[in-house]
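What follows is a set of structures to go through.
Shared chain: chain A. Partners: chain B in the first complex, chain C in the second.
Then we have the complex of A and B:
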């Protein structure tokens, strides 16, 4: 019982920590995809965001300025992706991978001097103050970025549901012809959706370097930016469901290390892969030839 | 169609102009990427001329560096085919990374029960095992697409992470050599089973396999009825179905072939370089292969120069780092510039009238 409790507490803390970058990057990807475009470049955006946040925090001493700078870097790199994909005949999947490599390269290039020094990190909010258990206190030390992510998810869901802007993004993503008939600027909408989405992914990167694992090095991101595509499928393009998806993927990632704390080392990677198996199972269960996933934007290149 | 209803005389030079367009657009993009990178270097106070000189010397300038370049290009030839072959049917498969890893792992695992067998036999079995693993993994993507209607890009991406997790689980679990402490690895394949270099060089035979595979893929795609059927399907899937082409089987077959290529790349990395399966197999060959395939517009013959260019960039990285005092990521930045520029240049295709088919005046 004690062992199970230890694992559960470790998992809770791990899930909250691991899920935040997932949450931001999947929200960013969700916004981009709802406008009808896919951005695999968010992987590069996250790495760049992590580097920029760490460097800015180190140079200025303000981690929040670092988060802002990471969002700005994401905005620029995502804007590049958005602008180029707006040209006719450019494949957004391939361009995303090019942006991924370019962003990673730029981050490694400029990040070299920041591998050693330690920057000011983002403080956590101690929600575990009532508990005497140090493990629980540790687990409930929630980063303000996680709360910001939750707020963003609900705000984005509200935007899609109830605002003119959200409706425009949805129309552009659902049917380009309808959008053109209404006189909506298709390319400009997608450009801003891609750039804003990447800004969110940049904040996800800032979490990696300023909160957890809280350092900058070249092995920091383990592909969360690419996995975001799977998370968004899992969340059925619904921002609120992105929270569930991020928590689930985060918990699965935290299960292996939590079990290690009680001496179980078997299956580390299999637990990690479990959400992907679930995503695949959902795909197999719900998709039929001639019928795509419910909720998938009609203009998405990967939907045709 | 002329108003008189007579067929206009064929534009004899059009295929040549089209080929020229296909070569000129990426060249122009390459120049543009280089100019942007020059600016980048100048802003950092580094000399672009020195960079170019060192790049040439580090990548192609000497027999030693050329061999290094060819060695690095070899796996990219095969992983690019993993994208280019399914792309003939209009499929965008991005699962090469896992196919390489699992191919290498299967090749290593296949050796274990047959230690002591003749080397040539062992190598053959390794190659078959590697190809089978890759073919199975990417073929699964093709099957999901053909039979279940699941988008192949999403399926291959999800399967990549499942495949890499499976790889790590096995490498750090049952197949782990307990002696490998810092870097978990499988048992070695025995030195005598390693693939020797191509005679007279230090380059491993993966290069020959890669070139052969590219030429074979080109013949298959552009000179056989099977390849024609695949291209018809890629052009218009409804028309292909109406013609009675076995669309589903073509899809699965193309994915199986592409996966076999990527699996072979993994086997060569194990049998000629590392001698065992470990995290070195997950080195981004799959991701680079995607870009090379797109850069060469999924033409297997064009894959060769593109892979050579990327291999050269990788090979020159060390020299650039030592002589110019720039981080080793510099070549990644240049690669990124090149990829972005060439992919963006796709938009020019068909825009310039001179390259288009024309009718001679009647």
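Then we have the complex of A and C:
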């Protein structure tokens, strides 16, 4: 296979492998932000989700139970964030950072005994069965969680567009005054949006420990939960665009290693920064001074 | 995220504990026990670098008259200085082992100058009698020869003639390993190439998995690594049907099918000697080095996939190394850019000081250091 083909297959595989956690965590963040709240705690939720999923799968032998447990852990931690941010004069950002530290701390503390053992992993669906190329076969071995992520994205988009529930979340996120005038429970809506969003982030964490790179250790997430905040801006708070953003991020992340294998060996630090450069470039290209971002929920503010 | 280092247990303890002795006057010397401090950059059960040290520390605890204090996940920043300071001030440590590469300069050197009565021994640093304090020093194992043997075994297992090496950072110790692995493999078959991928960090699980996968896609069928925790590389390679050579510790449990052999540390050899000296009140050596022959390094048992020919060849090479003075890097050797890196007429054995500033990759390695 020629070099360009190799890089492309690697980027395709990388996009499918690496993007899923980004997809889940950005969908979770998207839901929370559409209700008018920021949750920086999703980094901690992801790490905790990864640990809980790995531990549960190891103890019970069932990886799906692990995914469920990760979602549950996310729900609890997100619920905590949601409940506390509902109190008067609580700053979302500061609280999110506290949740992030708490989540990683709890995960490191309870995760100690699970660094060594090998847990049962989630099997992949071999969509590449028709191909004779082992590279393509491997690239197309898609995790069911990725498909679940796609389904969640479309379901969420539909919910925002066509359901009463979606409309309520949007009103709460767009204008608190309007929501109150309509008699909508602002705090309760935000609480559920935050908790559910974190449950999704927890599933993203489960992907890290049970699918790829499929191992629990303390450096596992390395900031992916924080990038979700940028990804949601990038996706303009649209769940379907979160898919594109996550795939682009995954593919850009696979660029560094695959370029080295085909012999482009200079400047790998630069290529590793590719995902962040892409984000930065798009943000710069689309943000203009004196204008709010298109699609940004009206209630969203970091000053609150 | 390293934010958990902001307020480590020790920093808080140090804050509250330092005030008390100041009021009570000079601190009483601890009983007869000699306290030794170990500092690790990662978790001590990572199947890798830190585990190799922690296992030896655990053995050291059993020595009578020795007390061991440990702290893991200490960043290569001012954090490590705080940790060292509190080990000296609070625990009364007389001998410290900051084990990670980045701890040496400037953090450990600064502390050594500050507390001249405490002995500091760094793993891997290049201690220099003319520049550095006498209560500092360094020790390291010549594990490169282990990677040389890995290379020989790998050469017998590969079908595609392409080997892979997942490396963290292009520092001398890592480059020596990459070079030795390539030299071992190419001593069996000069048509073999070694693909090296640098991940840029000591522990980056997603990148390590990506690197292993992209090598598998490229047809590499035996892989080894030099990262802090080889677990992700070894497990990913096993899933992709590749063979692996281990590093740091024994990873055969993680890859029962494809694990060939591995280069492991045997630090207890060093620590036992240092501890005995410290207990007797003597300063341990300032510049301690040893390899397979000295027992600082050992090889994992051969896995089921190793052929008899491979075993025989590796054992023959090992016997040669055990005699001492065996030089892999011989005069006239070229790097992968065509420059002569070992002057004609000189041979670098594993003990050669020149190797500790290696900045090149030998011919046959695909990759670059920048």
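In this text, the second predicted complex is superposed on the first by the 277 of 304 C-alpha atoms of A that agree within 3 Å, B and C clash if a C-alpha of one lies under 4 Å from a C-alpha of the other, contacts with A are read in each partner's own complex, and residues count from 1 in each chain.
Everything that follows uses one rule, which is that a contact is a pair of C-beta atoms (placed from the backbone, for glycine too) under 8 Å apart; a residue touches a chain by one contact, two chains touch by 3 or more.
These numbers come from a predicted model, not from an experiment.
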- [ ] Give one of first, second, both or neither to describe whether A:12 is in contact with chain B, with chain C, with both, or with none.
- [x] neither
- [ ] Report for A:84: first if it touches chain B alone, second if chain C alone, otherwise both or neither.
- [x] first
Open item on the list: With both complexes overlaid on chain A, does A:233 touch chain B (first), chain C (second), both or neither?
Closed with: first
- [ ] Based on the superposed arrangement, let me know which partner A:76 touches: chain B (first), chain C (second), both, or neither?
- [x] neither
Open item on the list: Quick one: is A:213 in contact with chain B, with chain C, with both, or with neither? Answer first, second, both or neither.
Closed with: second
Task: Touched partner set for A:104, first chain B, second chain C, both or neither - done: both
- [ ] Check whether A:247 is in contact with chain B, with chain C, with both or with neither, and answer first, second, both or neither.
- [x] neither
Open item on the list: Quick one: is A:150 in contact with chain B, with chain C, with both, or with neither? Answer first, second, both or neither.
Closed with: neither
Task: Contact residues common to both interfaces of chain A (with chain B and with chain C) - done: 100-101, 104-105, 108, 112, 223, 266-269, 272
Open item on the list: Using the touch definition from the top, list the residues of chain C that touch chain A in their complex.
Closed with: 1, 3-4, 42-43, 45-47, 73, 195-200, 203-211, 213-218, 220, 229, 231-232, 235-236, 240, 254, 366-368, 370
TODO: Sort out for me which residues of chain A touch chain C in the complex.
DONE: 6, 9-10, 13-14, 17-18, 43, 47, 100-101, 104-105, 108, 112, 115-116, 118, 135, 138-139, 208, 212-215, 217-223, 253-254, 256-258, 260-263, 265-269, 272
Task: chain B - residues contacting chain A, complex - done: 92, 94, 144, 147-151, 153-155, 157-159, 161-162, 165-166, 168-169, 172-173, 287-288, 290-291, 294, 326-337, 339-340, 343-344, 346-347, 349-350
Open item on the list: Under the definition above, what is the set of chain A residues touching chain B in their complex?
Closed with: 40, 80, 84, 87-91, 93-95, 97-109, 112, 223, 226-227, 229-230, 233, 266-270, 272-273, 276-277, 279-280, 283-284, 287-292, 302-303
